[in-house]
Every structure is written in C-alpha cells, then in structure tokens.
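Take a look at the structures listed below.
Shared between the two complexes below is subunit A, which pairs with subunit B and subunit C, respectively.
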Partner chain A sequence: MLRRVRYELAGRVAFPLLNALSSWQRQLKRRGRKPRANPFGPPLDCVRKLRELMTAHYYVGRYAQGAVPVAWVTSGFPIEPLRALGFHIVYPENHSALCSAQHAAIDLLQAAEQEGFSGDLCSYARIDLGSALTGITPVGRLPRPDLLACCTNICRTVSYWYKNLASHFDVPVVMVDTPFVYGEAEPHHLSYIEEQLGELIEVAERIAGRRIDPERLERTMRAAWEGLVLWGECLQAGKAVPAPWTAIDGFFHMAPIVTLRGSEQCNSYYRMLRDELSDRVTRGIGGIKEERHRLLWDNLPIWHKLRKLSTLFAERGFNFVVATYTNAWAEAADLIDPAKPLESSAKAYTYVILNRDLEHRLASLKQLAQEYRADGAVLHSNRSCKPYSIGQVDLRSRLAQDLELRVLLLEADHSDPRLYTDEQIDNRIQAFLESFS
Partner chain B sequence: MRREAIERHRAHRGGKVLAVLPIHYPKPLLTAMNVLAVELWGPPGPPRGVQAGRIQPYICPVVRNALAFLSHGPMELVDGVLFTNTCDAIQGLATLLPDLGDWHKPVMRCWYPVGERRISAARFLETELQALADRLAQLTGSPLDLDRLAWALDLHRQIDALRADILDRRAHLDLSDRELYALLREGEYRWPEDHLERLRSLHQRLAELPVKKGLPVMITGLVPEPMGLFTALEEAGAFVAADDYAGIGRRIVRQPPPASTEPWTDLVEWIYHYPPCSTQGGDLARRLAHLEERYQQGGCVGLIIHATKFCEPEAFDFSAIRKSFSARQRPVLYLESELEVELSGQQVTRLEAFGEMIAQKQGAQPC
Partner chain C sequence: MSTATAIGVDVGSTTFKAVICDGTGRILDHLIEPTRPQMEQQAREGIALLVERLGCDPALPISATGYGRKRIPSARQLTEITCHALGAFHLTGRPGLLVDMGGQDTKVVRFGSRGEVLDFAMNDKCAAGTGRFLEVILHRLCVPLTSVAELASKAERPVTVSSTCTVFAESEVVSLVAQGEPVEGIVFGLHRALASRVAALVAPLAVKEPLLMSGGVALNQAMVRALEHALGNRIAVLPRPQLVGALGAALAVRNSQ
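On to the complex of A and B.
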C-alpha cells in the first residue's frame, strides 16, 4: 500500500516538482549563451515535452517495484491487456537505445560479453543483459520485472534474449509467437496468435491478482489505435517540401508510441507534435535549413552517432524525410478494431514489417520513397540485427534499378559504438553524397 | 554421396526430394509421403558462388552457403525446398530465395511453435503439420496415408533408439569420432530405411566392454563441422562420450511417447519429446538439467562448447551453460570455429591444452 502511494506520488507530485526545478536550471544555463551554428531548422518546441514525458516514465518506474505489477516487454508486444491490468511497462530495447544515445553503452556491452555473451549478438540484448547483470543504468533504476513478455514479431532473437532474462530474474516469460508472414498470414497462424493472447491474459491476471475489465481493455485498444493514427499523421508531415522535421528527429519522437502506447499521455503528446509540424509546414519551416535532396532511411538508427551523421548529411543539404523504422509504428493502425481486441491484435501485431516477407518490404520501401519524394536511400546494414539486414543487398539493387534511386549500404551497428569505423564510414558517405552532384 | 542417395531414391522408390534447412522438421511426415529430405547445413568449404555475397558476411555461413547452393546447378537435383523457423537467418532466407531470387520450384515452410509447450502451441503445431502434409501431397500427387505415417513414426523410433544406444555406449565402439560422426550424419541425406540398415551394422559392432581409450568429454554445439575437430580431439587424448550437437544429439528422441491410434497426435508428441534445443526459445533451466543428465550418463570429465561463428540461437545459451558447468568445478573449453574453415593451429593447441588439463585433473596421462 505504502509503495503504491509512493509510486502515485512520484508521478503526480515529485516528478512535476523536480522537472520544474531542472527546467529552470536549464533555462539559467542557457541564458546569455549564443545558439551554436548548425544546418538544422529551429528546434521543435515539443522536444522539451518529449524529454519530460520520457524522464517521467523512467522516474516513476523507479518506484514501481512492489507497487504495481511490472512487465518487461519486447517492442512489438501487444501490451494493451497488460496496460489494462495496470502493469508498469518497461521496454528494454528503448532503454538500450537510450544507453547508446547517451554514450553509456560500452560498459554494459562489456559486462555482457564478460559474462559470455558473444559480441556478435544483438547489441540491444547485450546492453540490456549487461544492465540486468550490473544494475547500471543512466535512468537511475529499472524496476525488477514480475513478468517478461516476449513477442517474436520483430525477431527470433528476443526469444533467446528473454529466456536469459527469465533465468536471471527467475520470473515467468509469456510468449506471443507470431509466425512469419509470407504473402498473407495463414488463418491457423492468426488463430494461434489470438489463442496465445488469451493465455497471456490468464498469466497476467494471475500476476496482477485481478481480472481484466473488458471495457478498460477496449478503451486501451482505442487509445492505442488513436496513438498510431496520430503518429502516422506526424510522419506524413514529412511529405511536405521542405519536410518540417527529419526522420532523425522521428527516431527520438517515436519513444512515446513505443513505450506509452495506449495511454492518454501518449496521444496528447502526438496531438501537440502533429499541430506543431503542420504549423511548420504552413510556414515553410524545414527540419534542415536548406533541403536540396530527400533521403529514405532503412533499418534501425545508429543511436550513438545520430548527431554526427545527421549533421554530416544536413550540412550538404540532405534531409532524411522518411524511415521504415519509424513508419512501422504507424502501419498497424488500419488493422486495429477496439471492439475486437484479441482478434484484431492478432492481425495487427503479426503484420509488422519485420515479420513480413521481402516482397512486402520492397513494395513498402518503394511506396515510401515515392510518396515522400526521396531521391536517395541509405540502407543501414546493421551488423547485430540480422532480421532487418538480410536481403538488403538485393533491396539496394532493386531500389536503384526500379526507381533509379542512389542507394548507399552503410555497415554499422545500431547500439555498439565499437563497430563504427569513423574514417571508413565517412569516406563512403562522402562518395555517396558526391554522386548527387 | 548425396547425389547417389537422391538418384537411388528416385530410381527405387519413385519419390520426391526436398532440400531442407536445419534443424528441426517433421521428418517422419516426409518419410511417410515418400519424400527424401536432404539437409543443407552448408556444404563444407567456403561459400561457393557469387550468390553467397547476397547475404552480409556477419550472417551465419549456413544460410549464405545454402543460398549459394540453391541458386545454382545442384538445385536441379531437388524438387523443392523446405524452410524451418529455426532462427532469423533461415526465416530471412525463406523469403530472400523465392521473393528476390531465381528460385522457381515449390517452397514449403513448416513453423514449430516457439517457447515452452502450451495448449495453443500444441494445437497450432498439429494444424501446421497437416497444412504441410497438404502441400507435400501437391508435390507428390498423393495424399497422406495415415497408416504410412504410423509406419514412418515407428521407423524413426527405431532409428533414434539405435542412435541413442550407439552414442550412450560410445566407449564400446572402436571407431574414431570422425568416422562415427560421418556415419551418423548420413541421416542428413539417406533414405531412413537405408540409414537404419547402416545403423544396425554399426550397432552390432558395439563391444561388451568399453574399448575406447582416452578421456570422455561432452560436446555441445550446432553441427560437427569442421570435422578436423575430432582428429584434433583424438590427438589431445579425448573422445566424445556425450553429444549435444543440435544436428545430432538434440534430434534424438530418447524416451518416445507411447504410440496411440492417432498418428497426428503421435507426431505432435514425438516432436515435443525432443531434447531441449537453443533454437526453441524455451526454458534454460530445462536445457541445463538435460545437459547435466547427459554429462553424467556419459561419465564425462570435461565439456567442450563448440560455437559456430554468427549462430545466434546457440550463442545466447553458452553463458548459462558455461556458468552452470563451471559452478560444478567442471572443466569447460569454449571453442569458436567457422563452419567452413578447418581449425587453426591456435585452436588445435587450445584443444591439446584442454586435454592435458583434464588429464591432470583426472590424474592420468592423455592416451
């Protein structure tokens, strides 16, 4: 009971106070400082709100243990039943991305490797396992899970990763296994997923100590659906010329749709972002100062080099206007029917880009390139994310051949900075950019 | 040898041939439908053909080799390909080959449920197997005969019983590991009845008393490749007394479920009776308990973790295995090799040092 009160107070009282204090401190620091020259457009006002939202999420999480049931989930997990049951939800992938973006990954990667996890494994998994083993995290503290929730719709890697977490924390892991979709999903695959969602609810109810309220589940589904639609609207603002933001901004602004999906906080944030973006479109404000070329990004971001890479491109007038990764979170909206939560979730959560064949991926890349008027593409050949990277060699030639796009296959890693060779990558990028002149 | 087995199957049984991606697939179902499975673990040697370059070098060699192999000449030998959902790499290949390549033969897929057994998973598995049987019927032109399925299950029970006994009484067999594994691996492409015959002859060679000299060790890994490892192991004074290779020991049902009158149920149960495998995403504790049992049964004095470079499912289990064995003061050697390249001098030296270390621990000299 006491813990529950502390958890509630952390979100409603302590965090707003701390946040007000730190934003006042930031303002003081900024006062009198000249803004640094850069090739980007004026920063989005929403950035402050985004920071606040995500900091609050991790801050409140510190008090979740023992106050509310805690689930650690994979990024594509159908979390709506968990949210409806009052779980506090932690996304290890988001946490790993954050560690990498804040340059706090290397110690954690090394900790996992010392424990015997190969350096070839997904760097999100290694960072997370390193953090679980050492307790080190830039967010203060992650609450211990009561339940691990794993969905194979992004990769099979998560099933291997989560069994290690289950063994480490000695807690149950619930699996939603979504057979890979070739063409259309087979009916018995969909019914299998739906049945597993029923099993998930049984396990989650046991852990939460209460039954799920169907109305609350429907409300959560509706909120999740609305969030996806709003996020889609934000992304579509990128179709304007100049695009009012960059896909690199989008990598950061996608955090709420991943971690707070199904909540009103998430939706009100995206309403604000959408309005700000459409205002920028009306006023002709671009994400970069001089947009001469528009690019598409495929695969995960290189979190630890985002600033450097985006500057390198933006300085020469190249803007990433669309990314398959951020777009993946808008695609599912059409498939969700809040009145049929399990049936429609089964479909929505299996028809995700990483769980679909390469024909679909190619069609999707082409459609995005055309709709967003991209004249080039960068395919991040992501060393430790095999599922996203298989097929990129062929995708590169097909995009170049069918759409006459200039395409760069850039080898790096989403979260392991040690796999980034500055000089070599810079040279490849320079050569790519020069090919446009 | 594969070519010969394929031609023999076509000529003698008039059956079809499928190239099959490892690891787990319903072999009794294929046998029942007169379909020869020829497994593609990647032909030994470096990836052949330019097609291998269509997959980045940081993705495992099994799929790069399979792509190269399936995209040129030898593919004419088979009537289609069967993909499993073993790992992300194979799932990816299962779309790369037919969707962006020049593959025009039938493509089949069989998805085993991921994770521990659940009601939904067992039900799904049965339907998935039935769907595969329908696709195989299209290939062969004849529907599945349930009596044939019962017969095939029995045949594979016999094969597994012999394989298990040969491995369990390894010390009673005067054969090098290299020879033994070559024989066991014939099951990857021989028609099961022929393989059973070969296993029977081998089984008859088991002596009453142990004849094998050397230090008994357990080995776990993906596939016994490169085979030079066994020569080096022998030279280090050790032999494999307990096997947990995904391609060998983890495909032996040691305690088969009793046969019922319902072959579909029997096939599902059969699949659920395989030893725990890294690729299933199941409970690690269950896998560790199984390894412990095999280690003790083999009277082993050390464990070799034979890692195949870039094999994700395997690599995720090694930390727990190493920790669990080291906690019991058992010597563990972690040896990472590349599927298509023979062991380096340094790796051979590590094996020798491991042999010496366990010999000292046992108070014996390696033979």
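On to the complex of A and C.
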C-alpha cells in the first residue's frame, strides 16, 4: 500500500516538481548562450514535452516495483491486456536505444559479452542483459519485472533473450508466437495467436491478482488504435514539401507510441505534435533549412550516430522524410477493432513489417517512396537486426530498377558503436550524395 | 606546349598521386610516391614540384580525393568513387563498370554516359578485399610485389586460402608454408581468394558495359587474371591505373569551371 502511494506520488507530485526545477536549470544554462549554427529548421516545441513524458515514464518506473505489477516486453508485444490489468510496462529495446543514444552502451555490451553472450547477438539484447547483470542504467533504476513477455513478430532472438532474463530474475516468461506471414496469414495461424493471447491474460491475471475487466480492455484497445492513427497523421505530415520535420526527429518522437501505447498521455502528446506539424506545413517551415532532396530510411536508426548522420545529410540539403521503421507503428491501425480486442490484435500484431515476406517489404518501400516523393533511399544494413536486413541487396536493386531511386546500403549497427567505422561510412555517404549532383 | 589548367591530387592510404592536366584532360605531368603521415605537407611539396617542373601558374585550381583529401583544405574535395568514374569515363569515352582496387578498399563503380556515378559498392569494414591484404601476406612470404605475377604463373595449382580476415589469412599462410605447400601455389591461391571476394562485389552491379580496372593493384597482372577467372569476363586495365583517381579529380575542377 505504501509503495503504491509512493508510486502515485512519484508521478503526480515529485516528478512535476523535479521537472520544473530541471527546466529552470536548463533555462539558466541556456541564457546568454548563442544557438549553434546548424542546417536544421527551428526545433519542434513538442521536443520539451517529449522529454518530460519519457523522463516521467522512467522516473515513475523507479517506484513501480512492489507497487504495481511490472512487465518487461518486446517492442511488438500486444500490451493492451497488460495495460488494462494495470501493469507498469518496461521496454528493454527502448532502454537499450536510450543507452546507445546517450553513449552509455559500451560498458553494458562488454558486461554481457564477459558473461558469455556472443558479440553476434543483437546489441539491444546485449545492452539489456548487461544492464540486468550490472544494474547499471542511465535512467537511475529499472523496476524488476514480475512478468516477461515477448512476441516473435520482430525476431526469434527475443525468445532466447527473454528466457535468459527469466532465468536471471526467476520470473515467468510468456511468449506469443506469430507464424511468419507469406502473402496472407492462414486462419488457423490467427486463431493460434488468439489462443496464446488468452493464455497471456491468464498468466497476467494471476500475477496482477485480479481479473481483467473487458470494458477496460476495450477502452485500452480503442486508445491504442487512436494512438496509432494519430502517429500515422504525424508521419503523413512529412509528405509536404518541404517536410516539416525529419524522419530522424521521428525516431525520437516515436518513443510514446512504443512505450505508452494505449494510454491517454500518449494520445494527447500526438495530438499536440500533429497540430504543431500541421502548423509548420501551413507556414512552410521545414525540418531542414534547405530541402533539395528527399530520402527514405529503411531499418532501425543508428542511435549512437543520429546527430552526426542527420547533420551530414542536412548540410547538403538532404532530408529523410520517411522511414519504414517509424511507419511500422502506424501501418497496423486499420487492422485493430476495439470491439474485438483479441481477435483483431492477433492480426494486427502478426502483420508487422518484420513478420512479413520480402514482397510486402518491397511493396511497402515503393509505396512510401512514391507517397513521400523520395528521390533516394538509405538502407541501413543492421548487423544486429538480421530479419530487417536480410534481402536488402535485392530490395536495393529493385528500388533502383523499378523506381530509378539512388540507393545506398549502409553497414552499421543500431546500438553497438564499435561496429561503426566513421571514415568508411562517411566516404560512402559522401559518394552517394555526390552522385545526385 | 599545352597550358596546364587543373591539378588533381589523390591521397590514398598507400600512395600519394598528383597530376597536372591541360584543358582537354591530358596529363602533362604526374607524381606517385608513398603516402607520408604529413599529408598536407606532402601535397604542398608535390604540387610545388609539378608546378616548378612545368613552369605553370602556381594558383591553378586544385581538387583532392582519397582518404587524405580532408587534409588539403585549399582543394575542392570529392570522393574517390566520383573521381575514378570521371577519370575512367574520360579515358574510355563510354559508360562502364570500373573495379578500383586500392590499398585500403576496393570499389566497384558503375558510371553513365556523362561519367556520372550510377551505382557503387565497396568492401565492408575490413581489409579482406583490398591491396593491403595482398601486401601483408606477400610480405610474410618474402615475395616482392614486382615478382608476384611471374611467381603465380609458375604455380601448378592454387592452394586454397580460406580465411577471409587478413590477420587470420596471414597465420593460415604461415601454417601452409609449414606444411610444405609451394609458395607459388599459395600466392596463386591468395589471388584467387581475393578475386572471389571482389567478384561478389561486382556481381550485383554487373552490366553489359565493358569491365575496367584502375588502382595500384591493377598493375599486378596475376590479380587481373584471377579476377577475369572469377568473373568469367575480360578486363581492360586503364592506362596508368594508379592515376585514374587523381585524373578524375583534375577533371572535376575543369567541369566545375
């Protein structure tokens, strides 16, 4: 009971006070400092709100243990039943990305490797396991899980990763297995997934110590659906010329749709972001100052080099206006029916880009390239994410042949900085940019 | 005598190249020497030497390429990919597919009817497909670069070298020597191994256009033959292959004027 009160107070009282204090400190620091010259448009006002939202999420999480049930889940997990049961939800992938973006990944990667985890394993998994083993995290403290929940719709690695976490924390793990979709999913695949969602609810109810309220589940599902639609509207603002933001901005602004999906906080944030982007379109404000070329990004971002990479492109007038990765959290909206939460979840969570065949990937890339009027594409061949990177050589050829796009295949890793070679990657990018002139 | 109009410099990982061209893109004079750590000074001295030898205007426009190009702030900087394409197009006058094997990396460039880059591919982050790979292993075998082609041609059969990594290949070669494998067979095998890696880069870009080769490794006939074998296609080595990048850089200056 006391822990529950502390958890509630952390979000409602302590965080707003601390946030006000740190905003004031930031303002003091900024006072008198000249803004650095850069090729980007004016920063989005929503950035501050985004920072607050995500900091609050991690701050409140410090007090979740013992106050509310805690689940650690994969990015593509159907979390709506967990949210409806009052779980605090932690996304290790989001946390790993945060560690990498804050240049705090190497120690954690090495901690996992010293424990025997292969360097060929996904760097998200290694950072997370390293953090679990050492307790080190830039967010202060992650709450210990009561439940681990993974879904194979993003990769198979998650099943082994979460089994290791289960062994480390000695808590149950639930795996939702989504058969790979070639063309269309078979009806028995969908019923198989729906059955597993029923089993998930049974385990989650046992841990939460309460039964799920069907009305609350429907409300959560409706909120998740609305969040996906709103996020999609934000992304679609990028169709304007010039695009009012960059897909690189989108990589940061997608954090709420991943981690807070199904909550009103998430949706009110995206209403605000959508309105700001729409206003920028009306006023002709671009994400970069001079948009001369529009590019598509495929695969996860390179979190530890995002600023450097985006500057390198933006300085030469290249704007990433669309990304398959950010789009992945918007494309499933049409499949969700809040009145049929489990049935529609089974389909929506199975039809994600990483769980579908190469023909779908190609069609999706082509559609995005055309709708967003991209004249080039950068395909990040991501050493950590094999399901996303396999087939990119063929995708590259087809995009070049069928749409006459200039395409660059960039070899790196989403969060292991040791797999990034500055000089060689810079050289490839510069050659790619020169080929437009 | 033609008037010098532009200077092109290619500061590679192994060799420094500089050319002075006239308005038609003809090389009037050139310089090739090992790259020194003081690249900026080397470029300054090299350019001064060429200018002095030709007695031309010291204020000629300069363009630089290669990994050390950033060390020459006074020059227009372009990547080797763009420059090799421009150089190769100037020398052949038609679109083509170029393999540039240099010290640090291998590039495959497809260029169009104006010398523009249409597509390119490079070896990944290690030196496995580069001139440096050969250099390291040949050094270990005490084989001078000048006698490589002759030695490889004497081999009865190639000895398989399976390691992709230069460091592991070096130790593999040591153990092959210890097992009594003939040096010429190992050298032949090394060229076959390297060629197969380059062929994998060429394959996705392969087109009907003639296959061309530039870069220092193109001077190694054994490598050219191994690559022809791997690709099942004839290769035309461009004249003075080491200078193609520097020539392209000089042409880029001319084109931009």
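Following the convention adopted for this analysis, the second predicted complex is superposed on the first by the 437 of 437 C-alpha atoms of A that agree within 3 Å, B and C clash if a C-alpha of one lies under 4 Å from a C-alpha of the other, contacts with A are read in each partner's own complex, and residues count from 1 in each chain.
Definition applied: a contact is a pair of C-beta atoms (placed from the backbone, for glycine too) under 8 Å apart; a residue touches a chain by one contact, two chains touch by 3 or more.
As the structure is a prediction and not an experimental result, all values here were calculated from the model.
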item: Touching partner for A:Tyr182 - first (subunit B), second (subunit C), both, neither; value: first
item: First, second, both or neither for A:Glu199, with subunit B first and subunit C second; value: first
item: Contacts of A:Glu359 with subunit B and subunit C, given as first, second, both or neither; value: first
item: Contacts of A:Leu121 with subunit B and subunit C, given as first, second, both or neither; value: first
item: Touched partner set for A:Thr157, first subunit B, second subunit C, both or neither; value: first
item: Subunit B versus subunit C, judged by how many residues of subunit A each one touches; value: B
item: Which of subunit B and subunit C A:Ser389 touches, first, second, both or neither; value: first
item: Subunit B versus subunit C as contact partner of A:Ala431, first or second or both or neither; value: second
item: First, second, both or neither for A:Ala400, with subunit B first and subunit C second; value: second
item: Shared subunit A contacts, counted only where both subunit B and subunit C touch the same residue; value: 393, 411
item: Contact set on subunit A toward subunit C in their complex; value: 393, 396-397, 400, 409, 411, 419, 421, 423-424, 427-428, 430-431, 434-435
item: Residues of subunit C that touch subunit A when the two form their complex; value: 67, 78-82, 105, 116-122, 124-125, 204
item: Footprint of subunit A on subunit B - complex, ascending; value: 53-56, 58-59, 63, 85, 87-89, 91-96, 99-101, 109, 111, 113-116, 118-121, 123-124, 127-128, 131, 278, 281-285, 307, 309-310, 312-313, 315-320, 322-323, 334
item: Touching residues on subunit A, where the partner in the complex is subunit B; value: 115-118, 120-122, 125, 150, 152, 155-157, 159-164, 166-167, 173, 175, 177, 179-180, 182, 186, 188-189, 192, 195-196, 198-199, 357-359, 362, 381, 383-384, 386-387, 389-395, 398, 411
